[in-house]
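In the two complexes that follow, chain A is the common piece, with chain B as its partner first and chain C second.
Up next is the complex of A and B:
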């Protein structure tokens, strides 16, 4: 029985070593755009990270017992497709939401790096923001990219 | 070192090896928005009282041919809030020609038939643009010249403010 326990322990150790945070097949993907929808000139629009439909979303998978740090490359404006105008874009200190498979959902400031420990499973990162079109904002479609980088320690 | 200790060391070593490196990954999403057509206001026709007699009040109804007209152009079906911040406006020329209470109608088509009445003034009025983004205002008022009103031309400026409400 003693040998069996040791064998089990070794087996568990090998299994864990084969799948720690840095060695597993982690994936970080953008799954949903931060969509302000139809915007009225002169009327600011704020989207909360809890908005399941309009908030931007990223999914981190494949982590196991890993400390991760997420940083965002946040645009200061959305640019009009075809040029000629932009809409100021800001992110509040509560615009980020960290929703792990294990543990509590927390709000964070996406303007600064955010570090958290991931036990296992899929983590959903949501991002809200605020668009402030001018009263004379030129009509049309506006867009910009938001990059999230995840450093897995 | 006994067998158990060796095995434990192996486990710890394997865990340490597995957790020793760091890596970074990135993903990109877009922030998107569609901006509606900006709201445009046009003073389409002056509120014209024509000739008036001293001591005889004259009323122009919103539906009269010489009523004042404003037109809105903007996003289809969008709600707007508008008001007249400086009303009532008295006419000036060779003296002052007082105007009493204004009257108004608004409609999504360029006719007073079926239009909605409102009172022009500083209090904001809500209305929706048509499916093609249009709204029409018709403004009337009563001018009250005094019996000793000096003859001549009198004019005044009626200012309309409007914004989208976002609804």
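Up next is the complex of A and C:
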């Protein structure tokens, strides 16, 4: 580790360590939906977690020297608003991205629990995926729900 | 100007997903309930601009390590047989609530333990689910275009510990091991808990060269409920060939928890040497 990073860590660590434990709070928020936009029947669309505009994004803040386990409840399909059809949805081995304030950005498989150590600061968790509309896909809006669970170890 | 459905759909689809800030601040990140008061509290704050629907439920789990030393927690609905779970007799009030934008909400946790509960510590997890107002999905339901989006929900899981009677804790250490892994020294710290309560503490590790100079340090909060064998990575610059010592200090110093939450125990220290060739 590299001296500048170490100095930054020590400085921020001292500031955080001075905060009483009872005052510590953590926030897990969804900041951006995973949005495939308009798709063409029969043409699969894959969104990478690095896609800053379309990837789903969660933000975790308020943790310090903590290990967290992140799990996703992922749908296998998106349902048409009003019913009558669905579009298969898959999440790939590299559809998840963990981008901490300190440390390297890594990709992970969101189909399995992902455990990481958080030094401090804000961690951005991004999620991509693949939608596979059928050639005869019925028009309309399709949606579903993704749940991210953050377990503070 | 009149927009056709197709143009409207395209326009909406091209609009980036809006910033949601869909979630709540949760404090503290560990709840301790004693047998005298039998209650605890969690404070929520919605920093966003839209109401957030919050649900509170309970599960069971505690940190364990896999063969690689990664710490993880698996949360089950209830405690397996033989485990000191509290999920069956904790209740949250309210269990569901809508927290208005930039509003606060307190969740009370009340315990009704069974009669004759033996002294000891009982473990569980509070699951706080948060979902915001639905964001309109780009597109029109009866359009021939197909638009697709997924909304996000979040769940934060924190520990809830119920304590009764005289509690003691501590850890014993099996032999440490250390090895250089790229830009870090990986230290395995195999701990076994003693006493009748979880060991909430901090592991500090430092790497010292043959002249006694500290060349790397790291610390990690740990909770040892039964056994834990975490891999602690101590970042180091390039190490010249030689023999190094890793010193490990484990104490119940936890600045992230409310005062007196970690049951005090005597520090445990050990060291191990490794060689860089």
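The definition used in the following text is that the second predicted complex is superposed on the first by the 130 of 153 C-alpha atoms of A that agree within 3 Å, B and C clash if a C-alpha of one lies under 4 Å from a C-alpha of the other, contacts with A are read in each partner's own complex, and residues count from 1 in each chain.
One rule holds in what follows: a residue touches a chain if its C-beta (ideal position, glycine included) is under 8 Å from a C-beta of that chain, and two chains touch if they have at least 3 such contacts.
Keep in mind that this is a model prediction, so the values were computed, not measured.
Asker: Quick one: classify A:113 as touching chain B (first), chain C (second), both or neither.
Answerer: second
Asker: Thinking of the overlay built on chain A, is A:143 touched by chain B (first), by chain C (second), by both, or by neither?
Answerer: both
Asker: Per the contact definition in the header, classify A:25: touching chain B only (first), chain C only (second), both, or neither.
Answerer: Once the two structures are laid over each other on A, A:25 reaches chain C alone.
Asker: First (chain B), second (chain C), both or neither: which does A:53 touch?
Answerer: Only chain C is touched by A:53; chain B is not.
Asker: Classify the contacts of A:82 with the two partner chains as first (chain B alone), second (chain C alone), both, or neither.
Answerer: Only chain C; A:82 stays clear of chain B.
Asker: With both complexes superposed on chain A, which partner does A:35 reach: first (chain B), second (chain C), both or neither?
Answerer: both
Asker: Could you tell me which stretches of chain A are touched by chain B in one complex and by chain C in the other?
Answerer: 2, 6, 17, 19-23, 26-41, 45, 56, 58, 65-66, 75, 78, 80, 87, 89, 129, 131, 133, 137-153
Asker: Show me the residue ranges of chain A that touch chain B in the complex, using the header's touch definition.
Answerer: 2, 6, 9-10, 12-14, 16-23, 26-43, 45, 56-58, 65-66, 75, 78, 80, 87, 89, 127, 129, 131, 133, 135-153
Asker: Mind listing the chain C positions that touch chain A in their complex?
Answerer: Contact set of chain C toward chain A: 9-10, 13-14, 16-30, 43, 45, 47-48, 61, 63, 70-75, 125, 127, 129-132, 135, 137-159, 183-184, 216, 219-221, 223, 233, 235-237, 254-259, 261.
Asker: Can you list the chain A residues touching chain C in their complex?
Answerer: 1-2, 6, 17, 19-41, 45, 53-54, 56, 58, 62-67, 69, 75, 78, 80-82, 87, 89, 113, 115, 117, 129, 131, 133, 137-153
Asker: Touching residues of chain B toward chain A in the complex: what are they?
Answerer: 3-4, 7-8, 10-12, 14-15, 17-39, 75, 78, 163-166
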